[in-house]
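There are two complexes below, and they share chain A, which is joined by chain B in the first and by chain C in the second.
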Partner chain A sequence: MLWVDKYRPRQLDDLIIHQDIGDSLKKLVSTGDCPHLLFYGPPGAGKKTLIIGLLREIYGAPVEKIKVETKPWKIELPNRNIEIELTTVQSNYHVEMNPSDVGNQDRYIVQEVIKDMCRNRPLELKGQRGYKVLLLNEVDRLSREAQHSLRRTMEKYSATCRLVFSCSNVSKVIDPLRSRCLCVRVPGPTGAEVQQVLQHVADKENLQLPDALRQRVVQMSERNLRRALLSLETCRVTQYPFTDNQPVQLPDWEMYIQEIASFILQEQSPKRLYEVRGKLYELLVNCLPAELIMRTLAVQLSRKVDDELRHKTIELAAFYEHRLQEGQKAIYHLEAFVAKFMSEYKSWSIAVLG
Partner chain B sequence: MSRKRRQVVLLLSSDEEAQEPRKAPPDTPARKRKETPKRVEQKAYAKSASTPLSQDERRGTLPLQLSQPKEKEATMQRQLDFQPVQRTLDSYAVKSDSHNVLQVNDMGTSSRFRGYGSQQGASLPRVSSVTGRQTAWLVSHTPLTSADLVMHKKKIQEIGGWLELQKEPGLKCKAPRLLVLSGPPGCGKSTALHVLAKEMGFDLCEWQPPVPTLWSEHRYHSADGGLQYTSKLDDFETFVAHAKLSSLSLHPSNPSSEAGASQGASQQSQNQQPQQAGVKLVVIDDLPHTAGAEQRARLAAALGALAAAARFPVVIIVTASSTQGGPDDRSSAWHGLHKELQAALNAVGVAQISCNPITDNYAAKALQRVAAAEGMPLSKEQALSIARTAAGDLRSALDMLQLLCTGVQPLPPQPKTRKRKAKASKQAEPELHLPELGHARDVALDPFHAIGKLLYNKRLEDGSETATCRGEEDSLQQSSSGATSFLNHVCTNAAPEAPVHMAVRHRRRPLSFDPEGVWEQSGLDVGTTAGFLHENVLHFLDSEALEDAALLADYFSDVDRVSSHGFVAASGSSSGYAGDMGAAATFAEALAGSVLVRGVLYANAHPAPRRWLPLRKSGWAAAQRGAAANAAQLQSLVWAGGGVALHCVGGSVRAFAASMLPSARCMSAAGWAAASAVLPECWTQLWQGELSEQRCRPVQVVPELSEDQPQPDAIEDFEDIEEVL
Partner chain C sequence: MAHFAQPWVDKYRPKSVNEVAHQEEVVHTLQKALESSNLPHLLFYGPPGTGKTSTALAMARQLYGPDLAKARVKELNASDERGINVVREKIKAFAATSVGQPVAGYPCPPFKLLILDEADAMTQDAQNALRRTMEAHSKVTRFIFICNYVSRIIEPLASRCAKFRFRPLHGGIMSARISHICTEEGVELQEGAMETLGKVSGGDLRKAITTLQSAVRLKGLKVHPQTLLDVSGAVPESVTQGLLQACRVRTVSTVQAAITDAIADGWGAQQLLLEFQAGLLKDATLKDDQRAKICTVLAEADKCLVDGADEFLQLLHVASVAQQAICSA
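Take a look at the complex of A and B:
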């Protein structure tokens, strides 16, 4: 078992970071009822850990007995029937799913499947809660139609179930949904907090973690705890005992983006743009979110250019990142960013270097 | 010559004229019965208008008008003569070139085999040319020799070449017996075949199923075992079964010499008959319609059997329509046949020839020839404009010509040869004043052609100053149909009175075509068009034109934004179920299309020198496919955890791919068992536009962690991973 999973706190009491959020969640549960909840925060901040802790707090240990089920749902539409395959993780008390995985048909999941699940009240065993929890991941990736359908479901079945959402970009969740939920902001851990967790894990594993290496792992992790723990484990696997100047492995896609960035800076021409497009396609095949590619590329590029251009680069990245959210085909916007940057960079270098 | 002087009368102009042909027939049934007291089944399809008719028929028949009385008569005859004797609908008919119809019942016995003499030409009711009735020019000007054919010489040679191979009778012929002749409507497939077959001495027969029984008829007769219902497909299968067995002859024999009595002999001695006119050539012009997969399979089997075992050459004429098929299957000669049928025919190996639509110039020449023969010399421009609206369909062009010429006084005939006359008319300019074309046929543009037009970005050489300034707006005002017309309207109205003086860098020479029009004619949707343009347009830019490339990329981004769902119908209304996007979507689509084509044309200010470039399909689809395959792989891992604890990434495939996978790969490469378990079994990778799938979970996992592992250099290791992927 990887360390990320091994040392994940199971209960709200075990939390190392976000102890304050854990406390208020405990208070919330102790009142006997629980509103709909929306956890939002950057990846690797601990949203899921908090949610698991919350479930444990509500239902106790039996909630950890889970089964994974993938089953097709037949949905009758006015003019045709469609079949959607959806994976769910359920215990007796909760159902977890990722409705955005089905893509364009997500609203049918909301309209049919979720409604169906909300309808049944869980068995009440000796003073158990009279509601079940429906856990939806990545609600920010749901289409607007699906989110609107969700709104109705939340009101209608609030007697029998609670919805718990988790997402990383809260601005993509429509306002009506946000207003129906208690929003819990889960900030990314600070550097000190990451250090604290790393030290905790190292102690449990009986590792000697040099301070310099820990610092570097923290720096590489970009306040993503999952990433920090994974790279620590990678370091452990590749070389132990640790040394101070041991390299911390970057994710492969990030190195590839670094390569693309220097590739862009080498030459600016339509031909080069076409080659960059091919590389972007290669990245996209790996299921990487386009926003991540855009952001990493912008950061890498701005690191390598002059101050004058840095501002412009970030502005372009912001503009096309917004486009990315509104459009459908990521490649157009990624490429537009690259092309615009090339154009800016070329005119700058002509102006400066003559 | 009498034809020329005939008064031109509008088809179906008035009631009494329509009545007239009905008055004419009364003598025909009697006459017909006298000559051939047999069942005659004569169908005058509109299609038969395109088949070459014998010389005397050409003079004044109007098949449309003929058909009604004859049909009626045939039915009557069937009821009178044959109802008690014959289950006629089990049999099939082979109609030969000269309209003799023979029937062979399903037993193939000779007793019912009846020929209908070719003298029947005389017995056909016809409207005498003296009455001044006009025949369709399509019929009266059907080419009679291969020299008259309006078709590319190479194509004619190709068809002729195949026919040449088929001269060998029976099964001795090695070349494929089946030919699929495909092409758009009105490009002269049937005509060419008929003319060539005639010239090369083939005995051309056309397979035609009998008139199907109506269901009510079937109900009426089924009680007492009368007529039975057979579908056209059944008939076709029967026909194929007959075609295979040599003892069941389809041989129509020499129609003039044979009477019904001598059939038995002629069948058995078919191959030995030296006086036989030529090898029989069977034409199947309308394949039975197949509605479902089951029927298609039956038809495919029948076609396969026919190709494998036919004793005579068979030509299947397939009409390709522009609406069928995307850009992908355009290249196939099979355009117009269902995929399954294509596969079946491919499997048995058949010859295939596909005809192209007739070019405007060819069609214009043919039109001029016909018009001149009718005494109405057309100018080249007029002919060309008619030809253009017909879009490669000569049949439609001729009909259009006739319609336009109807009521126009023919010029007085000049006692000169045709060529001189053309010259003379040029000098004297005796222009025919043709009415305006009220309705033109919708012209479809081949998708690749349209994409090519947009990519090559052809502009007028030099315009006046205003043209240069207002080039883009001018082309806006050209008419285009559909949803963009509204856009055009808006843009035209919004255009200020005074010409806008644009900065020089924004100026472009005027376009040589209407971009929205081209896009609409191509029939492609915005997504596809954008995909093609996006993939290819960078190669059409000058190698230094980075500014243009950036502008282009920006336009593509705009298009994606505009065309993505919910741009116009901005948020709000949850529209229930898919498919009810309505007008807003079409408007957004039109808008996006306009932005797309104009953006691509405008941004390409410094095109690369013109050269031939291959057209690639968009890489986006491949990337999407690969990503979907990978996501499916990850899906199971994310949830089931591959033995790892469950909730490691919160059920998100993307988070898994971004954070877990890279580390897991590194650790797995170093032999960490726990990490190997999180790796997907196979991983799809895109390389040079090709997707490839590779296993990436190591088969043997070494659980031990060697302490003195050499420290992998970061970059090197990265390259290793690249290779592994």
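Take a look at the complex of A and C:
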């Protein structure tokens, strides 16, 4: 098992970071009644861990008995029938799903599947709460229609069902949903907190973790705990005992984007653009989200240019990333960004260097 | 039973039209209509949390009483499929059925109510298909449309309805409602809490009540203004001040670091922009044209965020423009 999973706290009491949030959640559950919840925060901050802890707090240990099920849902629309395959993770008490997986048909999932689940009251077993929990991941990726469809469902069936959302980009969740939830902000761990967790894991694994290496892992992690733990484990696999100057490997996609950035800066020509396109495709077919590519590329490029050009790069990246969200195919917008950047860079270097 | 406790928003939903807070003209007109049992088609519009759905539901209850309401009132909202086919079949079928026997004790006018909640999410085609249905069955069915943006309702439908605008609730009304709930639930508001609640909710009563209830659940019956701020997800001033400070430094990397930190702390970008703007307007050292430049880009970034653009890049863009505007002077 990966360390990330192995050392994930199972209960709210075991939390190392975010203990204040854990305490609040415990209080929330102890009043016997829990509102709809929306957890938001950057990736690797511990949203999922908090949610698992919360479920455990509500229902006790049996909630950990889960089964994964992929099942096709037949949905009858007035003029046609469609079939949607959806994977759910469920216990007797809760159902977890990722409704944005089904793409632009997510509306039907909300209108049919979720509504159906909300409507059914859970069996009144001994020691069980009167409601069940529906856990929806990545609500920020749900379409507008799907989010609108959730509005009344949340109010109507609030007696039998609690919805728990988790998302990283809270701006993409529409206002009416936010105003119906208790929003919980989960900040990314600070450097010191990441260090603390790394040390904790190292102690449990009986590893000698040199200070310098730990510092470097923390720095590379960008306040993302999952990333920190994964890279620590990678270091462990590549070389142990640890040495002070051991390199910490970046994820390969990030190195690849760094490569693209320096590739762009070396030469600005249509031929180079063509080659860059091939590389971008390589990233896209490996299912890397386009906005992540855009963001990382912009950061890498702006790192290597002078301040005046940085402003321009940021402006371009913001502009084309917005276009990308509006449009259908990511490659056009990524390439447009690269082309525009090349032209800006070229005219700048001509003006400066002559 | 404790665990069936309802959200306060539902618990304190007005039970009759009279109780609807602040919307005097709406209430007055509807009152008249209820007395005479004669009702036009209605169109309610206004920002979230101002009582549109509550009014419609309260009216249905007052007209028919709890028993008959099931048969006489149909509520369709965005959680139901409402394409053109539904309009053609379901809605038309419901609109066409004649009404049954009235129940004693309620006015029970001889028509049914069809409430179309969140009507601005209906397609144009579906709306068009309703036009004739509304007229043909107006004898036995009244339509109530509820929406946030009246401009998304096609003109032919809007012109068939009596329009009512629901206004955002101002301080006095909201505090009356909140203190009512507080006495009922035994909540004690500490000094400044009411003002804070008014500020974070911005006239949205539902948000105010949800925030209050969340605060009570988390921290107990004594509510401190700071708790409310924490729960509502509002960005504290220190964060925006830090951002503004970073914009005064001439290097881009400072700004970038500040933004990266703000995102990693999990602040919502839209909230951040709002507070950033407030901080900007308060800052006396800035000239008007600098502010204007920054505000333009704020507006653009907000639109982009609504469209679903990346938070980091948009914020970074705003900060970079702000830095240029501040440092160039």
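Please note the rule applied: the second predicted complex is superposed on the first by the 353 of 354 C-alpha atoms of A that agree within 3 Å, B and C clash if a C-alpha of one lies under 4 Å from a C-alpha of the other, contacts with A are read in each partner's own complex, and residues count from 1 in each chain.
Going forward, a residue touches a chain if its C-beta (ideal position, glycine included) is under 8 Å from a C-beta of that chain, and two chains touch if they have at least 3 such contacts.
Note that the coordinates shown come from a computational prediction; the quantities given were computed from them, not determined experimentally.
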Comparing the two partners chain B and chain C, which touches a greater set of residues in chain A: B
Chain B versus chain C as contact partner of A:Glu145, first or second or both or neither: both
Partner chain in contact with A:Ile109 - chain B first, chain C second, else both or neither: neither
Which of chain B and chain C A:Asn79 touches, first, second, both or neither: both
Chain B versus chain C as contact partner of A:Ile264, first or second or both or neither: neither
Touched partner set for A:Ile314, first chain B, second chain C, both or neither: second
Chain B versus chain C as contact partner of A:Ser302, first or second or both or neither: second
Contacts of A:Tyr332 with chain B and chain C, given as first, second, both or neither: first
Interface residues of chain A shared between complexes with chain B and chain C: 77-79, 145, 148-149, 326
Of chain A, residues touching chain B in the complex: 1-2, 4-6, 8, 43-44, 47-48, 52, 66, 68, 70, 77-79, 87, 89, 96-98, 101, 104, 107, 137-138, 144-145, 148-149, 166, 174, 224, 226-227, 230-231, 233-234, 237-240, 246-247, 249-256, 268-271, 273-274, 277-278, 281-282, 284-289, 292, 320, 323, 326-329, 331-333, 335-336, 338-340, 342-343, 346
Chain C to chain A touching residues, read off their complex: 1-7, 9-10, 48-49, 77-81, 83, 85-86, 89, 117-118, 121, 204, 206-207, 210, 213-214, 217-220, 231-233, 250-252, 256, 260, 263-270, 301, 304-314, 316-317, 320-321, 323-324
Partner chain C, residues of chain A touching it in the complex: 24, 27-28, 31-33, 35, 40-42, 45, 77-79, 108, 110-111, 115, 129-131, 145, 148-153, 155-156, 158-159, 169-172, 175-176, 178-183, 185-188, 222-223, 291, 294-295, 298-299, 302, 307, 310-311, 314-315, 317-318, 321-322, 325-326
Touching residues (chain side chain B, partner chain A) in the complex: 527, 530, 534, 538-539, 541-550, 552-554, 556-557, 559-561, 563-567, 571, 574-575, 577-579, 619-620, 622-623, 626-627, 630-631, 634-635, 639-641, 644-667, 670-672, 674-675, 678, 684-689, 691, 705, 707, 709, 711-712, 714-715, 717-718, 721-722
